[in-house]
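These notes concern the structure reproduced below.
Order as written gives the chain letters A, B, C, D and E; numbering starts at 1 within each chain.
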Amino acid sequence: MFVAHCPGQVTRPIVTDADATGVAWLDLLDPTPDEQALAARITGQRIPTRADLEEIESSSRLFMEDDAVYLSTPLVRRIQDDFFVSPVGFVLMRDRLLTIRFTEFSSFDLIAKQITASKETYSGDEVSVLLLEAVVDRMADILEHLGQSLDTLSRDVFQADQPRQAGRADQMLRSLLRRVGRSGDLASSVRDSLLGMERIAIFVSENKKHDLSEKLRDRMSTVARDIVSLNDFVSQISNKVQFLLDATLGFISIEQNNGMKILTVVSFIGVAPTLVAGIYGMNFHDIPELNWKYGYWYSLALMAATIIIPLLWFWQRGWLARGR
Amino acid sequence: MFVAHCPGQVTRPIVTDADATGVAWLDLLDPTPDEQALAARITGQRIPTRADLEEIESSSRLFMEDDAVYLSTPLVRRIQDDFFVSPVGFVLMRDRLLTIRFTEFSSFDLIAKQITASKETYSGDEVSVLLLEAVVDRMADILEHLGQSLDTLSRDVFQADQPRQAGRADQMLRSLLRRVGRSGDLASSVRDSLLGMERIAIFVSENKKHDLSEKLRDRMSTVARDIVSLNDFVSQISNKVQFLLDATLGFISIEQNNGMKILTVVSFIGVAPTLVAGIYGMNFHDIPELNWKYGYWYSLALMAATIIIPLLWFWQRGWLARGR
Amino acid sequence: MFVAHCPGQVTRPIVTDADATGVAWLDLLDPTPDEQALAARITGQRIPTRADLEEIESSSRLFMEDDAVYLSTPLVRRIQDDFFVSPVGFVLMRDRLLTIRFTEFSSFDLIAKQITASKETYSGDEVSVLLLEAVVDRMADILEHLGQSLDTLSRDVFQADQPRQAGRADQMLRSLLRRVGRSGDLASSVRDSLLGMERIAIFVSENKKHDLSEKLRDRMSTVARDIVSLNDFVSQISNKVQFLLDATLGFISIEQNNGMKILTVVSFIGVAPTLVAGIYGMNFHDIPELNWKYGYWYSLALMAATIIIPLLWFWQRGWLARGR
Amino acid sequence: MFVAHCPGQVTRPIVTDADATGVAWLDLLDPTPDEQALAARITGQRIPTRADLEEIESSSRLFMEDDAVYLSTPLVRRIQDDFFVSPVGFVLMRDRLLTIRFTEFSSFDLIAKQITASKETYSGDEVSVLLLEAVVDRMADILEHLGQSLDTLSRDVFQADQPRQAGRADQMLRSLLRRVGRSGDLASSVRDSLLGMERIAIFVSENKKHDLSEKLRDRMSTVARDIVSLNDFVSQISNKVQFLLDATLGFISIEQNNGMKILTVVSFIGVAPTLVAGIYGMNFHDIPELNWKYGYWYSLALMAATIIIPLLWFWQRGWLARGR
Amino acid sequence: MFVAHCPGQVTRPIVTDADATGVAWLDLLDPTPDEQALAARITGQRIPTRADLEEIESSSRLFMEDDAVYLSTPLVRRIQDDFFVSPVGFVLMRDRLLTIRFTEFSSFDLIAKQITASKETYSGDEVSVLLLEAVVDRMADILEHLGQSLDTLSRDVFQADQPRQAGRADQMLRSLLRRVGRSGDLASSVRDSLLGMERIAIFVSENKKHDLSEKLRDRMSTVARDIVSLNDFVSQISNKVQFLLDATLGFISIEQNNGMKILTVVSFIGVAPTLVAGIYGMNFHDIPELNWKYGYWYSLALMAATIIIPLLWFWQRGWLARGR
């Protein structure tokens, strides 16, 4: 898709060169080769491919070519409880901005809506700053949400009343571990995105310092400061995730202890009555009990006793309770 | 609730505009929409909502608008052995301070009491500094308490005489793990609060440097230095928590070993007597023992021996002791 | 092998002194002693041995001798899913470059191809910079590939639908652990290579600053900046590897719990029917059931019941399910 | 206790104001309220309580009041293999020093002895510096001792010949874990003390720089440098403790494996002979072996074989050895 | 031992004052009290004891006394696969160097040989620098060797074809853990030595800057840079050791899973045939199978089937394979 976002107009597809005239923000979304070629012809710039945008060296992510600033970064997209990372590219030319991306991002949609609903005009630089601000805001929202879900997770891990059913405990722990793991992955991906955004903010501030108006320069500084504060937050989050991971491992081990105790009780309980039955199954000639009138009932009572008495002992010692 | 704390007067609710005249500290506590609207009208400022105060980017936490300084931070409230985090907002205007919060804090109560009991007047700036000082003091108290409870916890983890009863060990370890976990959570929350307070101290010092008296500036510096020292302390605390967590995992594993040994003894003990009973239950024609006069008693003695001798062996080798 | 890479010519072996005249890049690949001696005679420089290049002190890795700059670093070579580290040496003379290595590297091949296919001439300095750029590009590619394979690994670790078969789980976890381990090893080796490259970049920039053209100096700065960005990336990678390792350990522990539960069920299930058989094998004179008409069938049904009822109970409690 | 340490005199209790005239070092040791009041009257300064000295904010630990410097820090006291932490306070006045503490410290005793045995006079500043030096020396001694005991511990953990008796292994591991834990606790407490001492050194250097003689200033610098070197050492110690903790967990897990193998052997060994006995206890009419002349002895031999052969197999495969 | 190393002479013992005249390097090796007294008389300096050299505060390790520079550091000595740490002292006087040590070090031997074989004269300063260089070289060699043995270890941990024999796995893992542990210990000891050497290099550079020739100053700078590079290397090594430790723990846990599965199979396999034997050992009057002609053989076949069929099932599900 290759579209133009213009003030006061609905977002419209760009098909011919004329469609792009005077447009401050050209937007390539998962473009076809034809759309890429059209964008290249219209802007007179080389259009980076997806592989180009996935490079990780700073010289591939941030560079100038013929007066245009090329920027790229991985960006997290969260959808419900899932998320993935996809690269985003910006080609910031003298009078317009070209963005290249391969999935929707709510921050881009927000700015597109703001611009198409507006009556003022926007320069390419201004759109860039708006997008950076929106992306940072979105990262902050993702982190706030993650922080809250970690608090819930922490409560789930450390809460006093865990399921009574040993059979379900495993399932719960596996699910906890998975949630902790996904949180760690998300935190790590957000960190990647923030690092990319931080480098973009620094690069633009340095390389466009004579082009940007003072107001835009101030807004870029604010963006940079916000990224620093989010980095602090994501570090805290990572520590919490690591801590929850370790604690979850601890509860898994305690669960193992529990399993072992139940197994021990089961093993113990079986031994005595089986032995009693075996004894009275022996073929000695003169086993007195065999001749007792109620010998059989006595043997059954003996077996029951060898089951019930140890059970009571174990129960009284706390082997059968799963603890608070 | 929307109240005024004035020197020499009991804290009183603000219902009309007149109630707020000349009041240096206006305090919104879990306000209704009406109270928020009233506060906005009285102060002529936008009143941040709870969602606004929960934002994490520095540009949302600390900013100036029409001469007023807007500040927010998450703050820990500890009640007995529990705690939670709730956001707090400050709107620091030229001649008065508006605070917004959603729960009681002992530091706020303390300063409110100090002011209402006082005969001097307080400027909005002075109230702000008093509150910052009280909050930092309260954080220090929480950390001191946490440090002491970690020392107790550490002693509980590493103490020599742990419960003799294997059945209770699990419960004790689960409770240890939970206490360690809660301590880690509290340390992490205090760190968040301190980070927020630190940013507030820096922001106020920078943005109000021409407004604050030299004495208040000095007190702000002291607050900042105290936060630095508390940060060092909370780092130490976090290391201890992590260490205790790892050590607790170790004791859990040793407990597993113990369980395994008991299980092995139980399994071993059952095998031999059962086999003896099985042997004399075989239907061979000429099993000499079956014809012995005291054959039955001999077999019972044999079984008893196959139980007691291994037990003695295991006991002598330390398999049945739970260690010092 | 001792070869010359010249513009417009195929790479050719150097056998006599004349073969090296005017050649900007002399390349020793796993050289024989004869080839080393020849290179020494041609260049008039001491040729470092493999042991020399494997030294780790900076004074052995980076030094000047008679106007020539000696540089060495370990370098990662990745082949399919495997990799190894091998030392590389550069002797940067006034007008030419000698490289010493003991295995092929795709970055060296790339620059050799570029030069032999070119029509321009290259100075020794220029070849050096080209090689540094190619090596850094190659490191970046390895890291990108590693980052992607870690994402796959992370999904494999945390994915919801793990194998139903407990028997296979072990194998899967062992393979996961091995993949995590190999990733960690690769990240660590890349870090070593980057550290070596970084020191080379700094040393060359400092010691050749009067010899390098401004353009080459700029390209060296870009190389240095790229290395910094790759170092950030490899740190992120290392954190992810560590996190995956810990999480894998968690799943291994849960798998143990599962094993324990199955074992408990198996132990429990065997006890009751065996006891029933034992009871009716006792030799009491008047066991009423023995005289029942359908006594045998009743006993079989009783055994079946003591198997099926606990199984149902365990199944209903989730002991037999392996969780989502 | 409230005592005076004077050159050339035995340490003597202070009971009246006159007892303190011209004394450079007044020493409160776990003082009664009366002694505190006396000290306050004599010095004309507020005497901090134990709670005051346990505060953790720097503004509570280090401050000036009426020309007197108030200092406090937690201090480790080691007695044999045990240790605890107790707060220490210094009130450094123009011409004398008041110390407040709640337990004996060998460093204080040392300096008290040095002064009472001396013929020279000491100023309050000089006594302070002597005490700081002695405390730092004592911390260094504790750390040296801890370093050595960690080396022993490390050898115990990694030594080749661990106890043959599985029953004792647990006890040994629990004791190792406890020693590792106590070492970690001590390291952490020393770190706290060093941090407190470091702040005291900095605060005194800054606030008394016009009062201290050049020689004392130099000695204060040396104290500060020593603390830096001890901090490095304690970091190393902490890393070692952490490493030993992790390694101990590893050996605990291997011990579990061992337990599991023994349990497996025990379970396996019991199955076959029991089955043999069960077979010849069946009531089929024509079991040929039952009629064999040496049938009974054959069955016993068969049982023995089913015990011995698997045992040999397990033994030969290393299941019964506990490894080097 | 108290010896002199002089150019052009074999190393010779010092017995009288005359033996030391004009000697640049006096060497005390595990000296007797008499030798210490002789060295003190000859040099006119206090000779530090072993306890003095084991102090850890920088003021005890590095100081000047009467124009002489006193230096000490712990130093690693590696012998085959073992190593230990022993303190080394230097007393650097105006015109000669006294070394004090308690064990042989290959670096000292090397320089002693170089000097005794030389025809030039050496000043005390020059010998000092030579020794520092040799020690740093030796540390680098130890680290290179350690790096290589970690690579081997890493391959052993992560290699695909681990022993088939479960019985041996434990032994292998215990040995792996021990090797990892010893590597960690060595890395930590080298770090201690490097830290000591670094402080010596800095102290000498600062305190002898007017005495050292420009050439020696340059060589001291190179030593300092080398130490920095070795510190980077030892950090990498420590990370690898930590990682290998964690991974080894993972394989130990997987081994536990394996043990559990085998145990489960063993438990399961025993239940059914025992039950069959028990059933036909019951004393019911009319068990039809007992009267079958081939009833006994049928029962044996039934038992065999209850063994073989589950075994096949387990085998087919991967419970009996130990994985690749």
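By definition in this document, a residue touches a chain if its C-beta (ideal position, glycine included) is under 8 Å from a C-beta of that chain, and two chains touch if they have at least 3 such contacts.
Labels paired with UniProt names: A, B, C, D, E = Magnesium transport protein CorA.
Just so you know, these numbers come straight off a predicted model, no measurement behind them.
**Student:** If each hop has to land on a touching chain, what is the smallest number of hops from subunit D to subunit E?
**Tutor:** The distance in steps between these two chains is 1.
**Student:** Between subunit C and subunit E, two touching copies, which fits better, same or different residues at the interface, with half of the numbers shared as the threshold?
**Tutor:** different
**Student:** Just the number, please: Cα centre separation of subunit C and subunit D in whole Å.
**Tutor:** Inter-chain centre distance comes to 40 Å.
**Student:** Which integer distance in Å separates the CA centroid of subunit A from that of subunit C?
**Tutor:** The mean C-alpha positions of subunit A and subunit C differ by 25 Å.
**Student:** Residues of subunit A touching 2+ other chains?
**Tutor:** Expected reply: 246, 249, 253, 256, 260, 263, 267, 270, 274, 278, 281-283, 287.
**Student:** What kind of graph do the touching chains make: line, ring, star, complete, other?
**Tutor:** Here the contact pattern is a ring, one closed loop where every chain has two partners.
**Student:** Let me make sure I follow the ring: beginning at subunit A and going to subunit C first, which chains come in turn?
**Tutor:** A, C, E, D, B
**Student:** Under the touch definition given earlier, write down the residues of subunit A that touch subunit C in their complex.
**Tutor:** The contact residues of subunit A facing subunit C are 54-61, 165-171, 173-175, 177-178, 180-182, 184-185, 188, 191-192, 195, 199, 238, 241-242, 245-246, 248-249, 252-253, 255-256, 259-260, 262-263, 266-267, 269-270, 273-274, 277-278, 280-283, 287, 289-291, 295-296, 299-300, 303.
**Student:** Which bits of subunit C are touching subunit A when the two form their complex?
**Tutor:** Touch residues, subunit C against subunit A: 136-137, 140, 143-144, 147, 154, 157-158, 160, 222, 225-226, 228-230, 232-233, 236, 239-240, 243, 246-247, 249-251, 253-254, 256-258, 260-261, 263-264, 267-268, 270-271, 274-275, 278-279, 281-288, 314, 317-319, 321, 323-324.
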